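Got some structures for you, see below.
Two complexes come next, and they have one chain in common, chain A, joined by chain B in the first and chain C in the second.
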Partner chain A sequence: MERRVGGVQRRVSDAAAPISEPSRRERRRTERDLQRSQGAWYPRWFWPTFAIPGIGWLLLFFVLPFYTIIAVAFGTIDLFRKPVPIWQPWYWTVKYFGDVGTTLFGDNAYLQPTVLRTFVYVGLASAICLVAGYAVAYYTARYAGKYRTLILIALISPFWISYLMRMVAWQNLLAGDGYVNVILQKLQVISDPYPWLEGKSATVILGLVYGYIPYMILPLFGFLDRIQTSLLEAGRDLGASPGRTFWRVTLPLSKPAIYAGLVIVSLPMFGDYYTNNLLSTSPRTSMIGNIIDSTVRESPRGSVLVLMLMVLLIVPMLYYLRSTINAQESR
Partner chain B sequence: MSATTAGTSAGTTTGITVARRRGPSGWLRDPWRKPRFLQALTLGYLAWSILPVLIAILLSFNAGRSNSSLQTLGLRWWIDDPDQQALFQDPVLRRAILQTYLLSFITMLLAVPLGVSFAIGLDRWRGRLASTANFGMILTFVLPEIIIGIAMLSVVTYLFTFIRLGTLAQVMGLVTFQISYPVIIVRARLLSIGKEYEEAGMDLGASPRQSVRRVLLPLLYPAILASFAIVFADTVDDFVTVTYLSGPADSQPLSTFIYVTARASATPAVNAAATLMLVSTTLVITLGYLAFKRLTRGQEGGDVTSFSQL
Partner chain C sequence: MQRHPREGWKAARQIMEARTGRRVSRRDFLRTSAGAGIALPSLAAIMAACTNPRETGAEGSGAAAIGNATPDNPRTLPVVGEPIADGLESEKGATLQIYNWDAYMWRKVIEEFCAEEDCDYEWTTFNNMEEAVTKIQSGQFNFDVFFPTYDVLGKLVVGEFLRPLNKSYIPNLSNVWEEMQSPFYDVGSQYSVPYVVYSTGISYRRDIISDEEIHNADNPRAMLWDPQYNGKVGVYDSSRDTIAFALQYLGIDDINTEDEAELQKASDALQELSDLVNARVSINGSYARLPKGDFTLHESWSGDINAGWGYVPEYTQENFETLGYWYDGTGPVDNDLITVGAKGENPVLAHKFLNFFLDYQHAMDNYSWNGYQPPQTQADIDSLTKTEGRYSAEAKWAPPVTYVPEWMPDAVVQREWFGSDAVRLLELTPEGDEKWNAVWEEFNAG
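Let's look at the complex of A and B:
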């Protein structure tokens, strides 16, 4: 509303000073006249009509549901300890934020280890994804030669092999009588079967890496593939060793892809609860996602944690959003 | 492709002029040595990423009760279990198979048209509202799925109480989660085709509506087709949203069945179910890819690389 007022005022001043810039509305009008004279003219409502069903859907099934989470988080509970959402912001209570706060920072901070563990797991798993993924993407982009298509198909395949199946596959392998234990026993590394699936951090991190590394490799590959070899040749011509060329040219060039890859893998890892449920089930390895998953039906605390998770992820999320929107505009 | 061939051919032709030193230090300094380490690492990665899945598929044909060590091969857990617990025997599992395909089909039919229309609208309609809508749409793509699942669960529990947990709620959640795929794919295509064709159509006398239906839409067919395939496959694989929103047992698709039973009481039937999902998605993606290739014949960007970039 304010903007429109500004526009009107501006137009009044336009009359006084005819040299100044045309207002937005005027510019749009001349643009439209131009289009009309060229033949390609659309009524004003024409394109918005296409977007309306989608916008309606998002309002109804995304914005409103999200508001419900907020209403539950700022809400209260009834006699049966069931969460009761409060829809009007002026009645909101922050009681459950306080509750969650004490479990995170107070004397009885029993959630604190879980949060720290989540950071450690996600950090380690993302780092492994980055190092291994970079090597694989680099090889595929630069050296794969005639096997390129084949390797690419193999790299994409995890995208349509469901996450579940890939976790079940590791469950089979890591079971007490699974093939990993059989091989390790044959090699005399261990004498008794190792309980891989009984709350081992290594197993959960392995699961996370296995689950998300494809999402790291593909953007890295897409980027490394587009780096012009002339840049690398220039580096080599100027006397840099291959290692130095990589360190000073390729790696700095691929920084945006590295950030994007890290964000792409770490965002879902922070909300992950299923890897843990499938490969560990022990509270010794549980992550934030597990706490949310197990409390959200019973208490407003689950919703509070969801909001906290959102706040935690807001910076990487905005980065990812911005890069996706930029990619939309210029591809 | 050209980048790779240029790199390797430079290695073989100009490599001759450089005096090669022998021994490990010479090998280290040879700028055109084969990247053996990277090669081994890539091969190792590929084996590590694919072998477990192949073993899991193999274990679904186990004739014994275990899904961790293979005894003898057989179709017991697919069709022929004495306790009627095989994938195609157990009534619960048969219902789950149906539910999986039903959900994927409805989601695909809803999400793709919505998304395509949304993409066209967002791409051509410039303005603050459009970019806000775009932001919201991409947010559904970026958010961890657990948040979407919980948001839908909350709204169905507390606000849309007339909607029961089950198929309807699942479809709502899935469409919300999947709508961004067609939007992103179609917008990429819209950007690469530009506005010239439509304008040509309108110069030749087409109305705005005709120019969309007879010029723009046919140009978008490859992207629409790819969206259908991707949304279908991704919905078959989905289990977070679907599990949160599944109500009584008869609304549980295969993925939920796998998620719930995989840890508690796993038999090779779990592997069989996962294999069936894998076969369906592979089939759909392959069909989608072949059709995509056919539709984009003779155009730039019809190969595996560009399909994967989708």
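Let's look at the complex of A and C:
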């Protein structure tokens, strides 16, 4: 007879089985005795209760706010012409989705350039983060030696200062007479100060790179650090050049970290508005986040944009999850 | 059925009842009109949400309850709620809750008020009126005094967020210009007293643009569209002000227009502003960043550039004189107000605060710091460019500055600009508001 006890399959010999079918209470006692004999016994509900704080947190700080955004997007405006949530789905309207739709696809689709610009900025910034971040992570994992801890501390140290403060610092660094221009002029890279803060796309992209690159380096470092050197040595032993070993061994092995890093940096970049607000403020560099920021108090359209952006971002997120699962399965 | 909001929330309720065919409690009214906001509402509000708010919100008839006051069509606000009784003592040892724009009041003068009244104060700021109203709507913040713009005044009254004033506590109201003692948006000053007045013109760097150049230009506003100032032009992050500026640049004098064609022209002009000079949008560009050299030209409130000398990189006369202001009487003039909160804990103190800041000397001391002119009758307007203010007198580290620097006399606000033909930004209809928002959103989308 095969019985499932506490999630573990156990074979009990027929001879040990009682002659008559045991009552439910007896069966439970037997199970408990078995578990006790293996160590501490806990009732079935014990472990699941550990999830309660997490679930509570999610309900309070994710599900409820998220439902509020949905309720506002499908909601209405009040006497102050401010967005008001409608909590009951049967009263919802798609009016504001239509409004946003016309600004994206209608005759006067003025949001199209903003969306396109956001994708270009985030794409470029993520790519720069990846290339620069990979180099730093690779060096730290493989060659930093005794300086490894120091480099890691240096990588984490920006987190000690708020993102906002760091961006304000950049305002001074990038000013006409700021250090960046002074150094570039001294190095004779430029002859006149470059107007970094006068609404330049390059400034916003570099601001995004600066703000988010640590989030790229850390997962990459964690992964590269775990790659066994024996695999690399095997590659070399089999006649591959260092470059080829990197291309055929290290890079494919670090793919999950690359995906993770790209997702971690690009998702918040899509919603970023502070970088543009602090380093540019020109409408010609505004991103979706800026439009949400300026509309969200004025109209349910702001919440509609939040939802649309979310739907859009779910696609790379799902791709990332799929590739992570595939990578785990193939291991 | 059109009714004006200033007929009170009960009037608005009647409209809702007529529309929905059911009785609307005040609680329903507040919940659907003002009680929710985008912030998470209280549990009670969620529990109470059992009817369709769309029928009673602005999409329904509720919107009709908000009307429009103009200088030639002044409105009396309804008295909603009770004013405080006469002759009460100030609340002792209280903490006055002040809800104001940032950098809009000299703390030293507030501290003097607190020393006189034996109270403390808490200073809470907002960045724009939308943010302020959203916080007030949430019902979580019981302010004693609040500085609204007049376009939200009627709505705040209908929502019962303001307390009717007992003017026996505010004898200094008689110190202000007569036309301000009973303004068109609040006839009889039932809820508000005037705080400061200002004009909207252009601030510029005098080391790059001479006074003659801008004053002799056929259309000085067009200088913001001049490609030679590419990257150095700024406008306010304020849809009403900036679209009105674009309309006036185009020669359209009705700065409250809701005409599609005119607004389309303004929209095109703003797109052009981005194309030609990549204009930047901010709220502190004129007073804080133009003095540092970040901008050469900026749409500007007179008070902003008047306070600009406090933001130059080094406090020298030469730097002060780099700041200039142009205004010719054609642009908008406006005033801000002080009101008393309906749920504030210190209404007597709040009334005395209003009275304190309407006192000539206190108003002028505050003016010397924030640059925004109080509409005081006693102030000799012609001497403002010749008299040093208290802040400058106390700021020994800087060369002396008069209330208005003598080289920018345009920053003095003249009383005659506030007559019945005043150029003022007025409240729009809900449809007009949407059109203006669309123009603004399009500009911001770049």
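In this text, the second predicted complex is superposed on the first by the 246 of 331 C-alpha atoms of A that agree within 3 Å, B and C clash if a C-alpha of one lies under 4 Å from a C-alpha of the other, contacts with A are read in each partner's own complex, and residues count from 1 in each chain.
In this text, contacts are C-beta pairs under 8 Å (C-beta built on N, C-alpha and C of every residue); 3 or more make two chains touch, one makes a residue touch a chain.
Small disclaimer: the values here were computed from a predicted structure and weren't measured.
After superposition on the shared chain, which partner residues are touched by A:199: those of chain B (first), chain C (second), both, or neither?
Only chain C is touched by A:199; chain B is not.
Using the superposition on chain A described above, determine whether A:291 touches chain B (first), chain C (second), both, or neither.
Only chain C is touched by A:291; chain B is not.
So in the superposed three-chain picture, is A:65 touching just chain B, just chain C, both, or none of them (first/second/both/neither)?
A:65: touches chain B and chain C.
May I ask you to decide whether A:26 touches chain B, chain C, both, or neither, giving the answer as first, second, both or neither?
neither
Given the touch rule stated above, what does A:281 touch, chain B (first), chain C (second), both, or neither?
Both partners, chain B and chain C.
Contacts for A:91 in the overlay, against chain B (first) and chain C (second): which applies, first, second, both or neither?
After superposition on chain A, A:91 lies in contact with chain C alone.
Answer with first, second, both or neither: which of chain B and chain C does A:271 touch in the superposed model?
First partner only.
Pick one for A:117: touches chain B only (first), chain C only (second), both, or neither.
Touch status of A:117: second partner only.
If you tally the residues of chain A touched by each partner, is the higher count for chain B or for chain C?
The partner with more contacted residues on chain A is B.
After overlaying the two complexes on chain A, where does the chain B footprint on chain A coincide with the chain C footprint?
Looking at chain A, the two contact sets intersect at 64-65, 68, 72, 83, 85, 175-176, 281, 296-297.
Which of the residues in chain A come into contact with chain C in the complex?
Those in contact with chain C are residues 64-65, 68, 72, 75-88, 91, 93, 103, 108, 110-111, 113-114, 117, 175-176, 195, 197-199, 280-286, 290-291, 294-299.
So in the complex, the part of chain C that touches chain A is made up of which residues?
For chain C paired with chain A, touching residues are 5, 12, 32-34, 36-38, 40-41, 46, 49-50, 52-54, 57-59, 62-63, 65-66, 130-131, 133-134, 137, 152, 155, 158-159, 230-232, 237, 274, 278-282, 293-294, 430, 433, 437, 440-446.
Can you check the complex and tell me which residues of chain A touch chain B?
38-43, 46-55, 57-58, 61-66, 68-69, 71-72, 83, 85, 132, 135-136, 138-145, 148-149, 151-158, 160-173, 175-179, 182, 210, 213-214, 218, 222, 225, 227-229, 233, 236, 241-242, 267-268, 270-274, 277-278, 281, 289, 292-293, 296-297, 302-303, 306, 309-310, 313, 317, 320-321, 324-325, 328-331
Write out the stretch or stretches of chain B touching chain A in their complex.
Checking each residue of chain B against chain A gives 1, 3-8, 10, 29, 31, 34-35, 38-39, 41-42, 45-46, 48-50, 52-53, 55-56, 59, 66-69, 114-115, 117-118, 120-122, 124-125, 129-130, 133-148, 150-155, 158-159, 172-173, 175-176, 179, 183-184, 187-188, 191-192, 195, 198-199, 202-203, 208, 211, 233, 236-237, 239-240, 255, 258-259, 262-263, 266, 270-271, 274-275, 277-278, 281-282, 285, 303-305, 308-309.
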